[in-house]
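Order as written gives the chain letters A, B, C and D; numbering starts at 1 within each chain.
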């Protein structure tokens, strides 16, 4: 069912997105979705110690990207066309963040899904995002 | 836990939103969320027989509104401030639509939640929406 | 430059979308965009006399649809895939609403644009929307 | 009319957001809006040399934040609650990016605006974003 395992996705990230690969690790992937961890470091923080908006955007974006690859294989040409993100609560200081991505539609050229972002170990949703990716047409 | 039952929500709709009340029925409400039915009639359709975008927007909007009331009681002054909606698939002709709303944050002045829209009896999501409502500040 | 005039767009609406054609009139169309009027009637109102959210959504959606047709011609198969709408102010009672659509990207398969909604004769924006349409691939 | 000049905004950024201040410079600010420059460096790029999504998100977010401060003064507590962003075209390699922010509603507790993103010297819009900020209530 899955086209790529967590280890294969991590390897893809390291090879093709070396600059950000160290920020993220694939915690889990299955038919229902993918969980990506943002290893929070000082560079991800805003004044006051909370994770910055761009860092949370990146977590949502990469989580959806890898969820798509887990279904269709290593396609470097998938690009984000739209993202709507709601920031609901301050992330908890000193904790990694987790992004749980699920795909709602895997179309021939567009893929749409949701990502919920959490501070690790805390049940309240910190942010929610919907993303659309454009993917290259699959050859028959 | 719930401030209003399904019957009370239906009564509220009939009394305060008489114009649209006949379009909708509250199928279920509990701590996890609310399911609202759009009784599809000819006036909700576009050429080709599919449910129109504005009708789906209305289903998402009313579902979230009633989900909020189910938690905070009959507050007529809640207003939609934002909605992001993705249309994923054509609704199935000749079927009612169901909107399943869940609240992600019930804040003092803003409430944020998601609604998934389905054609009755079909598992694929037809549309997904995120909505923000502004609610009057709760008195202590 | 334009593929369809205001009169041709109005005729298209009357022929293919008879159910809603009477709600709307094309006030202006040029290379910069299109202005669509919602002829506000009782059926568009919510309690208190303001234009309903679904009616404003419909105004934004139809304005963008016609703006696209004004550029590519009468393509019945264009469908809305995404809409983000912010409701900023109460519309003024007893006035028509105007939607001013502009196209930001006219791609081979996706079209993205913005619509600003006003109460006629009032400068403040009542609502703003961004919409994405999927259009059938253009033949060479 | 303006509560802060371009130089004052730049100073605020340097003092309160030292980590990102070097990425951005305020090119212009007036009653109509604010133009912010992203000084594109290698750290903002994705494979292939285009500016990354999170970097564009940051440009939109900071541009809107500073546009708000230019109107209400140095309020550190403004926070982003929502962002919808459409990525329309690849940014042009080797160029700075400009974000042009305008405020559509400056409410007592919510501020809503739009940002258009460009590659410097190129007329086509690269991305568009709508953002909502929550601001602390203004004292009478």
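In this text, a contact is a pair of C-beta atoms (placed from the backbone, for glycine too) under 8 Å apart; a residue touches a chain by one contact, two chains touch by 3 or more.
Remember, predicted model here, so these are calculated numbers, not experimental data.
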item: Farthest-lying chain, centroid of Cα atoms versus that of chain A; value: C
item: Higher-contact pair (C-beta pairs counted), B-C versus A-B; value: B-C
item: Approximate Å spacing (C-alpha centroids) for the pair chain B, chain D; value: 34
item: Whole-Å gap between the CA centroids of chain B and chain C; value: 24
item: Chain centre separation in whole Å, for chain B relative to chain A (CA means); value: 28
item: Where chain B touches two or more other chains, by residue; value: 81-82, 84, 86, 132
item: Complex interface listing, chain B residues touching chain A; value: 84, 86, 88-89, 104-105, 112, 114, 124-125, 128, 130, 132
item: Contact footprint of chain C on chain B as seen in their complex; value: 16-17, 19, 43, 45-47, 52-55, 57-58, 61, 76, 79-87
item: Touch list for chain A against partner chain C, complex; value: 81-82, 84, 109-110, 132, 134
